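Below are the structure tokens for one structure; questions will follow.
Going by the order they are written in, the chains are A, B, C, D, E and F; count residues from 1 in each one.
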Amino acid sequence: MLLTELERFKDEDSGYNDISSSIVPDCKVQAEVIAKEDGVVAGLAEAAQVFEYFKVLSTTEFTDGSSIKRNDVLFVLDGGAQSILKAERLALNFLGRMSGIATMTRKYVEQAGNVRIACTRKTTPGFRKFEKKAVIAGGGDPHRFNLSDAVMIKDNHIAVLGLEKAVKKAKTMASFTQKIEVEVETVDDAVLAAGSGVDIIMFDNMTVDKIKESIKSISKKGLRGGIILEASGGISLENIDEYARCGVDVISAGALTHSSRWLDISMRIK
Amino acid sequence: MLLTELERFKDEDSGYNDISSSIVPDCKVQAEVIAKEDGVVAGLAEAAQVFEYFKVLSTTEFTDGSSIKRNDVLFVLDGGAQSILKAERLALNFLGRMSGIATMTRKYVEQAGNVRIACTRKTTPGFRKFEKKAVIAGGGDPHRFNLSDAVMIKDNHIAVLGLEKAVKKAKTMASFTQKIEVEVETVDDAVLAAGSGVDIIMFDNMTVDKIKESIKSISKKGLRGGIILEASGGISLENIDEYARCGVDVISAGALTHSSRWLDISMRIK
Amino acid sequence: MLLTELERFKDEDSGYNDISSSIVPDCKVQAEVIAKEDGVVAGLAEAAQVFEYFKVLSTTEFTDGSSIKRNDVLFVLDGGAQSILKAERLALNFLGRMSGIATMTRKYVEQAGNVRIACTRKTTPGFRKFEKKAVIAGGGDPHRFNLSDAVMIKDNHIAVLGLEKAVKKAKTMASFTQKIEVEVETVDDAVLAAGSGVDIIMFDNMTVDKIKESIKSISKKGLRGGIILEASGGISLENIDEYARCGVDVISAGALTHSSRWLDISMRIK
Amino acid sequence: MLLTELERFKDEDSGYNDISSSIVPDCKVQAEVIAKEDGVVAGLAEAAQVFEYFKVLSTTEFTDGSSIKRNDVLFVLDGGAQSILKAERLALNFLGRMSGIATMTRKYVEQAGNVRIACTRKTTPGFRKFEKKAVIAGGGDPHRFNLSDAVMIKDNHIAVLGLEKAVKKAKTMASFTQKIEVEVETVDDAVLAAGSGVDIIMFDNMTVDKIKESIKSISKKGLRGGIILEASGGISLENIDEYARCGVDVISAGALTHSSRWLDISMRIK
Amino acid sequence: MLLTELERFKDEDSGYNDISSSIVPDCKVQAEVIAKEDGVVAGLAEAAQVFEYFKVLSTTEFTDGSSIKRNDVLFVLDGGAQSILKAERLALNFLGRMSGIATMTRKYVEQAGNVRIACTRKTTPGFRKFEKKAVIAGGGDPHRFNLSDAVMIKDNHIAVLGLEKAVKKAKTMASFTQKIEVEVETVDDAVLAAGSGVDIIMFDNMTVDKIKESIKSISKKGLRGGIILEASGGISLENIDEYARCGVDVISAGALTHSSRWLDISMRIK
Amino acid sequence: MLLTELERFKDEDSGYNDISSSIVPDCKVQAEVIAKEDGVVAGLAEAAQVFEYFKVLSTTEFTDGSSIKRNDVLFVLDGGAQSILKAERLALNFLGRMSGIATMTRKYVEQAGNVRIACTRKTTPGFRKFEKKAVIAGGGDPHRFNLSDAVMIKDNHIAVLGLEKAVKKAKTMASFTQKIEVEVETVDDAVLAAGSGVDIIMFDNMTVDKIKESIKSISKKGLRGGIILEASGGISLENIDEYARCGVDVISAGALTHSSRWLDISMRIK
């Protein structure tokens, strides 16, 4: 994280005159960051950077993506009592939020077998890069970062322009370094898209049966090779098995970032 | 939100060259922001500001805190197709995240009767003010914003300094405009705290029975008046009823911000 | 101070191409920061941070709030001549402005006996936290930092809404962690305010006699306990004695920040 | 002022959740900004920009530098009551601080006759441009803005390098668009400086007699033409008359910015 | 461009007290932005935004990428004389720099026939998005924007890791939305790369003959389909013809941004 | 460069998830920054700061302004392979751009003999200070930095106000620390300007003959002393000899910044 970002976050949590931390003497103490439940850890680098900013020495035996168990000591900390108290909440907020996402992502990944799990742009404003990074830590795929990465033709684009025209225009405008993805909602559109030369087709809110039918039609036309197929929309841990076996390459789920709760992690001064 | 914040968020989501939105002609279209499920809406002002930034006209019949039903039209939008597509995800991310928090807060509030529901500092770095605002929209209390607001003496402060010394020092250092709160974990400490002249006592991870016992002891000593009592730690929608009837004034729950999923809200161009 | 702030201040004072400092060879020299008059020092941490930024070693025997005498050596500096010259003015501007405020605050504090001296929001835009910190160094109370801290109902609020309605609304909207203060200009309003359940009453521009009368009326109604009383408006070192003995708990004075001149502090290379 | 600056100042004064202003209904009201004492006004453009940011209509009959009298209405304001309350303190802080500087500058200017009055770099960090602007409004000269403007060889430079070497080096390094100024503390150095080809000589902390002697010597050598002479150090309203008649072109005084109190200006909702 | 960017650029060019522009009366005048030579225009949106910031009305008949002739009027401006003078240099700096790049890009594009012309990351720090945009205006391809877009395995990566291992690792780490490109310097490596499943191969500093030989070998192995071939390194307007006919899909040239001079464009008040 | 600037530039070039650099193991390697052609180096401090930011040890035997030869090793680098790869492009972009300007400036300087060579405000938005610094490295003069430095009365000012009025007003408004420059296009205006008391006269787009004629007229009136004469407009390496011998003190050329190509500098891991 940039130092300018860290300072913005620090300022948000500390304000101008932190009496709460100042009442303790700034004697050297040791503290531990402890997992209160099982999961997958993420945000270690961010937390370490926060500790370093406050001149607190931190050591960890884990790396982002490690499986952790309840009571695991994620960090051993050495530093002034005031500094540790000032750093505590900000470091834990990174760890809690990012590990929560990594933990849910890991569950999806484990259910999905060889199919790749991806997140979306449904992220907290200002915090996207950390949320995408947490998805990666959980074994997921960050998908495109923003609107200027891979070109993505969605329902609302098609509503305005039509699928074929939209793809054609995208191919003219996109850089040769970018992939073009198109969302489809019907079997017909899926076949149309496959024939139009896009790189990725996303089956948006389609049933497993409709997706299978689409893939069969695409394959029949010899268009399956060289196209990446993605399923999205309403896919949860309950129904992911079916989607994972229907022939797609990628399953994307907004839930990784918009429905994951934090992992419970806390700090205690010894 | 400050314009400088909005631009930072916009830049995060748009990047430098948004081809996806540019492929559609910038003709005037109408669009609707629609609730896909029941809940409590929040983030309307932020979404409206995003639309205004992109020169999209938005009108809404709701205000933050309104109960909304599936299929309710939260905004009617008029503007260029490109502009609406550029604004879409950022506006929805505010609405989804903030309404999710407001919706869960409302559930706590409804269960809690006359007891006030408050959130904590367990918030997404850089997004606290929006998350606190969403709690307020749901009928909750934002609690202190950061370390420089109300002084709060927590377990780790007491570990270093002891309760009485900590309170004494806090009273010397705090402004007369600030309240002083102390966390306690035992009945004895609760009574000690009540006698020390603090404004708020928080029962941290204590059972309902222990809290009742503490309140009884505090009252017996004639110290109940003028002190606000807060319960916190492991309180969820399952067990909130008990806590709400045990005699405290406030229940605080990190879950409002760290375990609420987004409310499902989407946009469709007509 | 945040590094981002320090760099903004540094850029303001240095510009892009500081020839004045560059003409001297960057040989190691020693320098001293010296008080040119008696007073109370503040801004030592800020000055030290400025020196550190320019890689100048600084040592001091003082802490913010120390009484200093003319010719006291506030800092001994070791570093490159160029670096010391680049740091000089910025470090001195912090020391001069902040020590000036601390010095005047100390005078008020000494006159006020047991009554607390507080500053206001009449501060230089962008420099409030340093000015409030200087007041604290002088022994004063920083009062609320900004509009989102303690709720304060002032003349203009009452002009629009009326005192009782304003207090009632504030009590509904304020967090349980916030205090509510109301400004009054008459004895009647003072009594009204005391009965309305606010935490702090400020006597705004009232004579000592009217304040005494108000306190007597409030006490007679048994409302004095649990309320903090503040006097403000036109209180200077000339008339502070009377106010300090009229029964209030706090005296606030904009003068601490808007009428204090700088303390004379300079630097000399040896 | 840049919008990014205004938002930084606004954020400092408002925080995230201004309940104090929110308790009043946002009905249209009229308000006035009123001078509570005589002086010279400055900061009108800044205040107007603050009002505009909050969508408050402001009109004024004054311009920066106007003489104002007690009870003069500096602005008539029309806008929502909440907006006016949110804007109030920030606008007044600009007006109070800047008018205070302009008022003191005007007093110096009036005493100085044809001699120019200039300020220094002794300014509040982050607020220099507004303080220099206030000096201009009062009829003063802003002197160089920062270290990268006119080259200035001061006591500490000379301590390291010697006067002649310093001037020589400065002439090599300075742009042809920059003036070179040198501080002297003795008659001998003054003559030396005049012969070295600098543009400006500043008599630093020299008595009126020593300055007169220096000027005589310089004139005798035929070096007076083309050199600007500046007196500085300990010049106040008490002794400025003498300095103003001793033959210098400019008198600079840190007091304009470091010892001027604010002008008393307030706002009242009608 | 973000408003925060525009203000940063404006502040750079204006400083705090622009006397040069202030000496003219702020009467309404008309002015014209005029091409002093033939070329391709770019930066019109940026210039228009600068004029709007200064409240200058601007109208243009051109769009980015238009061919322009000497004496063409690029903008007609209406506004205050001061405002136009303040805006002039910043607007012209955008137009001059961006049109220069667009003009040189157009020359490459015209020589290259069906082969796409792309730029690189050799851009002025802080100005990349405008330089890439200028390349697009000239008909070129912006290539990847930064290190987090398409994965690119370059000589220095291969030096550390070897080509095959590098590609393998990249395929594991890259998102399915990203393309993978690899630089090769020999025919053998080209074939190796083509067989490794990358999306783009860049012939780095290879002769036309070696490139032809590589393509022949790749085609013989049936690997030409689905791979984009890019030539780079020392390609200028002198030798581009050969490269454009050697069978590659893309030619990239750092020269578009690092060796293009500005187009001569100026402003004149009528 | 400020750290906040460096981070902005770094973020531009790296983005949020640099896979390209992450595929290599972060083993310690050595690398060299090498000149690919002869020239004058500039930007060494900036490059060194970039390397330091990425914790890469850098050593150089050159200083800004050194003449360098093809194959000279400008930096020896020691650090992690990933860190070196992340730092590479940003460091090279500073070196390439700044050395290109320094190299062209040196050519002008060598042709100009005793006449000073200056650049203009025709610089890349946001990068001016580095471009001016590069001109200085090449032996040139940075001219005024922005509109608030030396006052400059240009064609468009004169078009609105007339030369004499403009100079008069400028003299009233300018600080005594600022020089005043005026652009003239005719011999008559040159004489007029010389008599008006300005510090610098710039012959704008005038032929060598007309400049000589102007200087003769100015000298005849005894006004040559104390005025700096500058020639500007269409001066290139082809015709600079004539201008350098026509009697002016300074030649300014936008070409130094707007028409210099980068110097070819690259990095190679050993």
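Methods note: contacts are C-beta pairs under 8 Å (C-beta built on N, C-alpha and C of every residue); 3 or more make two chains touch, one makes a residue touch a chain.
Everything quoted here is computed from the prediction, not taken from an experiment.
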Using direct touches as single steps, what is the fewest number of steps from chain B over to chain F?
2
Specify the chain most distant from chain F by Cα centroid.
B
Name whichever of B-C, B-E or A-B reuses the D-E interface, so over half of the contact pairs are the same residue numbers.
B-E
Chain B and chain D, separation of their C-alpha mean positions in angstrom
45
Between chain C and chain D, what is the separation of their C-alpha centroids in Å?
23
Distance between the CA centroids of chain A and chain E (whole Å) is 31
Which residue numbers or ranges of chain F touch two or more of the other chains?
3-4, 15-17, 128-129, 142, 145, 148-149, 178
So the touching chain pairs work out to A-B, A-C, A-E, A-F, B-C, B-D, B-E, C-D, C-F, D-E, D-F, E-F
Under the touch definition given earlier, write down the residues of chain E that touch chain A in their complex.
116, 118, 141-145, 148-150, 175-179, 181, 200, 226, 228, 230, 249-250
Which chain B residues qualify as touching chain E in the complex?
3-4, 7, 10-11, 15-17
State the interface residues of chain F toward chain E in the complex, per the touch definition above.
5, 8-9, 12-25, 27, 29, 31, 81, 84-86, 88-90, 92-94, 96-97, 100, 121-130, 145-149, 151-157, 159-161, 166, 169-170, 173-174, 178, 254-255, 258-262, 267-269
Give the list of chain A residues in touch with chain F in this complex.
2-4, 128-129, 132-133, 136, 142, 145
